[in-house]
Amino acid sequence: AKDQFRIAWSIYVGWMPWDYAAQSGIVKKWADKYGIEIEVVQINDYVESINQYTAGAFDGCVMTNMDALTIPAAGGVDSTALIVGDFSNGNDAVILRDETELAEIADQKVNLVELSVSHYLLARALASVGLTERAVTVVNTSDADMVSAFASGGPTAVVTWNPLVSEILAMPNTAKVFDSSQIPGEIIDLMVVNTETLEANPALGKALVGAWYETMSIMSKDDEAGRAARTAMGKASGTDLAGYDAQLASTKMFFEPAEAVAFAKSEQLPLTMEEVASFSFDHGLLGEGAPNPGFIGVAFPGERYFGDPGNLKLRFDAGFMQMAADGAL
Amino acid sequence: MKRLINQRPGPVSTAALALLPFVVLALVYLLASDARLAENPNDKLLPSFTTLAESFVRLTSVPSQRTGEILLWQDTGASLRRLAQGVGISAAIGLILGVALGAIPLIRSGFAPFVAVLSLIPPMAVLPVLFIVFGLGEVSKVVLIIVGITPFIVRDLQQRVQELPRELIIKAQTLGANSWQIVLRVILPQVVPRLIDAVRLSLGTAWLFLISAEAIAATEGLGYRIFLVRRYLAMDVILPYVVWITILAYLTDFLLKQISRRAFPWYHNGEPGR
Amino acid sequence: MKRLINQRPGPVSTAALALLPFVVLALVYLLASDARLAENPNDKLLPSFTTLAESFVRLTSVPSQRTGEILLWQDTGASLRRLAQGVGISAAIGLILGVALGAIPLIRSGFAPFVAVLSLIPPMAVLPVLFIVFGLGEVSKVVLIIVGITPFIVRDLQQRVQELPRELIIKAQTLGANSWQIVLRVILPQVVPRLIDAVRLSLGTAWLFLISAEAIAATEGLGYRIFLVRRYLAMDVILPYVVWITILAYLTDFLLKQISRRAFPWYHNGEPGR
Amino acid sequence: MTPRIRFENVWMTYGDQVVLERLNLTVAPGEFCTIVGASGCGKTTLLRLLLGEETPSRGRILLDGEPLPAEPGPDRGIVFQRYSVFPHLSVLGNVLLGLELRAAPVTGRLFGGARRNARDEAVAMLEAVGLGQSLGKYPTQLSGGMQQRLALAQSLVMHPRILLLDEPFGALDPGIRRDMHELVLRLWRENNLTVFMVTHDIREGFYLGTRLLVFDKLRYDPDAPQAYGAGITYDLPIGQADPGTLAEVLAGGKR
Amino acid sequence: MTPRIRFENVWMTYGDQVVLERLNLTVAPGEFCTIVGASGCGKTTLLRLLLGEETPSRGRILLDGEPLPAEPGPDRGIVFQRYSVFPHLSVLGNVLLGLELRAAPVTGRLFGGARRNARDEAVAMLEAVGLGQSLGKYPTQLSGGMQQRLALAQSLVMHPRILLLDEPFGALDPGIRRDMHELVLRLWRENNLTVFMVTHDIREGFYLGTRLLVFDKLRYDPDAPQAYGAGITYDLPIGQADPGTLAEVLAGGKR
């Protein structure tokens, strides 16, 4: 067993609490409690942070359910979704210029980060109006340049996430035609840790979950401390309290551990992962060797599985969150 | 025993010496890759040589589902087109501005500080402004390359023009040359091989900007593919692409050198400018 | 009327001419900004000069909540530290390798092709590998700068060493110099001012890599700040930062030039190497 | 007759180093001035003043009674000590250049018959300087002496009114040098050239010139050798110089 | 006595251009060979062979009976036509350099008393060549002639066994040139130097040398001027040359 751990996080509304938890000493407090050290590292490039985690440079990393499946799990790194932090409830959206109906997206060029959750959202949106991806041309556009790209006047359709969504919607003649609140619970933000490390060091899981839910309880309150916490999170993500609260409004945060446990144990989660797996498979994200969407096995609380149970690489674990819910940490 | 400084290897040992670092690099990779794969057979960071070879074959033979074209060729075509346009335009601007700045003191006074300042602005930081002016299409990618390398070429050529022996400019004047003739017959022809040198030096940066541009908004191109598959850490695609880009860059460089050798024997015969 | 090529403006007109393009640029910006703001007063792309000024005052006076320091100074300090380390190490490597490659044929045979190939690999494409090897701390940012500019400096210096008149090397040998002494007393001192030139030429690229590195993993720094606010299209922050970076880059360049002038009068007195 | 060249109290200084001082000189058209003087005393500087490349720090220079143009022109040809030929042009191209520049102000190139005529002229001149065998070579392929001969051919083919020569024959062997002497003298006579020629060979100076100018420091301060510049210490119309003066000049070269 | 230098059937070609052919030459220690010949005939090439900078295409060169080292060394000093001084060193530094290199193999620098001694030696040599006033200047601040004198001082201060001079006095004025002649002759005598000196001034060659070597083409094909190289056409032990030979040599320089 080791006692020094590194986790990576990147700037996004649902992950800003990690920054606050690290800055305010909550992480240290919990790490001390379990006799370990946890270094919380900010990485601005989201994909790079997952790649680094997959390559073994970090013991844990924040990511979405889809990226957890397609990067570490597909890369053979057995990973555990330790904390189900939130799901996107409007934070991701399809936006059109000069049009207000989703069906008008047909034959347009759509700017988005290819192979990301935006891409998934687009596929789900198209399906909802009976279209397929063939109906549009996808232009891979980096998230950092999305807003200025749209502001330049060229693009007419984008799929992206907050805070970019609100920046783009603030421009004239734009309309949100589909968002993640129409597919609730499908775009999930997780804290993922290496399964082997976690099994060898349950203390890591306990400390992280403990720190997370202490932070949740502070920021969820509308008192002085809660506002201060959210202000700090807003500042660190480049906006202010109001901007951050707006982003929170379209995010379904699981402030209470019990909510997260319930979500992890729900019937919906395996179905969602199946949907995500088949999307990923269609786009070659599971690797050249993958014969079918179920090639990579996913485990859910309660001995439920999706895909090949012999190749389990992603495990949703409600155990640590349950401890938090039980006040056993 | 000759001084180290006078020892020249024969052709065979030259080749052997030149190969050595590459062999060492390949060995180091092999060892590192084996070590990682022994721990996790699905590790994607350092794929084995077999995986790389398979992936390369696939990239060069299996047509893409989307367009029916073979991915690598399609990407290569798109990237080389952009690169050629960007570098070509940069070279033209560089030649004209470099000669004007180097040869004509009035222009130098007016624009040299401006060009110097322009060359210091990090292009990535002003991308949004470039987008408004040039849109998001092919043009903006070519423009990013131009913005990225032209200041260097201009300043380098200006320097080279100013380094031409003053005697030559005076001599030309005593032969009755006017300013235009001096530029046309004395400065330009002496500067063209130096332009090729400058272009060769800036090719690396040009590739850098090309790849960055393709990472911003594109549907094909070598840089696009690398950034796309980076999303699932497909090093088995990235590494062949990197090797391929390196080969392309090397060939371009080699080609330019040969053209310069053929076209400007006087420049390569002994030292320049004497 | 003198030939254009012989006309040199006086000190006053030099200053006026040099200012002109900047004034024109400011005017163009003003017009474009006004036009956009007239259409949409909330437009963020080209903020008015007042907005820019306010934002600049805020950046240089209001302390950050997180650390209590003033953002701009904090970012500047972090970035300059990384830049100095990266460029300093690159210059050291460049000097050593460039001289070794340029002066010693055996080393040149062994490593010049390797360095040439290395210099052609686009660093952005092998980022993941770099980060694995060097981690994501301060080291990786410095390393990215080093990887980005060292090949250029090495190759440039190698070229400059090879350009030194052969006669000087022979003369040194007739004075009894061994290879080490030739490097130490003949080649090195003549190459140091050329190293400064090479560093000046590569500063732009160094900033580019610094900004890219800070955009990937950092919590402070000029590039980090630009990256952070870019998603909000906060041009009122980005533009002052860009101007500030440009000023910093200009000052660094100017400083290096002055150092070279002071320390190596023989190099700047007439043409080099004669 | 208006003098071709007139120096009126010309001073030349670089920073605080006085190179030339109180220079007064009148040269009639058709004179052949040879200039000798200690190394570093300012002979090349004098030629640069005549070219218009440098402007006197004090005083003025008149050409045909008018102030000297402040820049080089086709009326004053020059052969420098070095860097006198264009490395990017072949031997033939180097000599052709002046003819092309004169005839084609915009393109700077000749084609067809005009080019053939110019080529013939250039080849004749190159044969006169003994480079007829090397028309296609580039300067880097020539020895130092061959480069100087090429530079001379390049200037002479333009028939300048004033010819400035800065030790043009320093690197030539005696045989070729004698041929070049004849060539320069012939062209000087045929074209009523005014020649200023710097040389280190005082005998050459006596043989070629109609007038020998000896440069040396007029005053000298051992503690501040830079404080005083050189001037003309002897100005000998050659042929009128008695043997005693020659001996004196020869001895005076040694300081 | 073993000859200092011996050429045995040496040929030198660049590509298909034959520069030197069938060279046989034996030079005893202490000889002062002056070399004259047409421009471009290969005199500089001969010196480069002696330096070891070039290797003969055929034949071999012996130094004191041993094959000549294939690289330059401190036993053979050289003054080139140009690029003979180090631009980054002051006049004093240029002359000091050799002394420092000899005494300090690792640092290449002297300090303290050793440096003062070396400095005195260097200054004495610089005063001998007339540069005692310019110790702190850099070569770019010197005229061409001053640079050549500096190069000479730099070589002479090392007391080489063989001294190679490539037209060292071409750019000097007669007075200084005479001083340099005396200096070189004195050092030649004092140190039993063997000197090879290329010159264009055949009188200088006769005055300085103990032996005059005249280079010229041995055969000539007007259609292929590159096909044949130069060789030694006259090898005159000076003092024994009768006036007729001198006249012939002087005439032979003209081809």
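A, B, C, D and E label the chains in the order they appear, each numbered from 1.
Going forward, a residue touches a chain if its C-beta (ideal position, glycine included) is under 8 Å from a C-beta of that chain, and two chains touch if they have at least 3 such contacts.
Just so we're clear, the structure is a prediction, and the values are computed from it rather than from any experiment.
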- Note on the structure: Touching subunit C and subunit D alike are B, E
- Please find the path from subunit C to subunit E through touching chains that uses the fewest steps, and give that number. 1
- Which chain's mean C-alpha position is the greatest distance from subunit D's? A
- Note on the structure: Per contact tally, chains sharing the most pairs are B-C
- Cα centroid separation between subunit A and subunit D, in whole Å? 82
- Task: Could you grab the centroid distance between subunit B and subunit D? Build each centroid from C-alpha atoms only and quote it in angstrom.
- Result: 47
- Inter-centroid spacing, subunit B versus subunit A (mean Cα positions, whole Å): 38
- Task: Specify, in ascending order, the residues of subunit A that touch 2 or more different other chains.
- Result: 51, 55, 145, 148, 151
- Could you list which residues of subunit E touch at least two other chains? 71, 82
- Message: Can you list every residue of subunit B that touches 2 or more other chains, as numbers and ranges?
- Response: 3, 6, 45, 128, 132, 165, 173, 178, 215, 230, 233, 271-272
- Note on the structure: The chain pairs that touch are A-B, A-C, B-C, B-D, B-E, C-D, C-E, D-E
- Query: Considering the complex alone, what residue numbers of subunit B touch subunit A?
  - Reply: 40-45, 55, 58, 127-128, 131-132, 135-137, 215-219, 224, 227-228, 230-234, 236
- Spell out the residues on subunit E that touch subunit D in their complex, using ranges where they run on. 36-40, 44, 81-82, 133, 142-146, 149, 167, 170-179, 200-202, 225, 250, 252-255
- In the complex, go through subunit B and note every residue touching subunit C. 3-9, 13-14, 17-18, 20-22, 25, 45, 103-106, 109-114, 116-117, 119-126, 128-129, 132, 151-152, 155-156, 163, 165, 169, 173, 178-179, 182-183, 201, 203-205, 207-208, 211-212, 215, 223, 226, 230, 233, 235, 238, 241-242, 245-246, 249-250, 253, 271-272
- Residues of subunit B that touch subunit D when the two form their complex: 165, 167-168, 170-178, 180-181, 184-186, 189-190, 264-267, 269-274
- Touching subunit D in the complex: which residues of subunit C? 2-3, 6
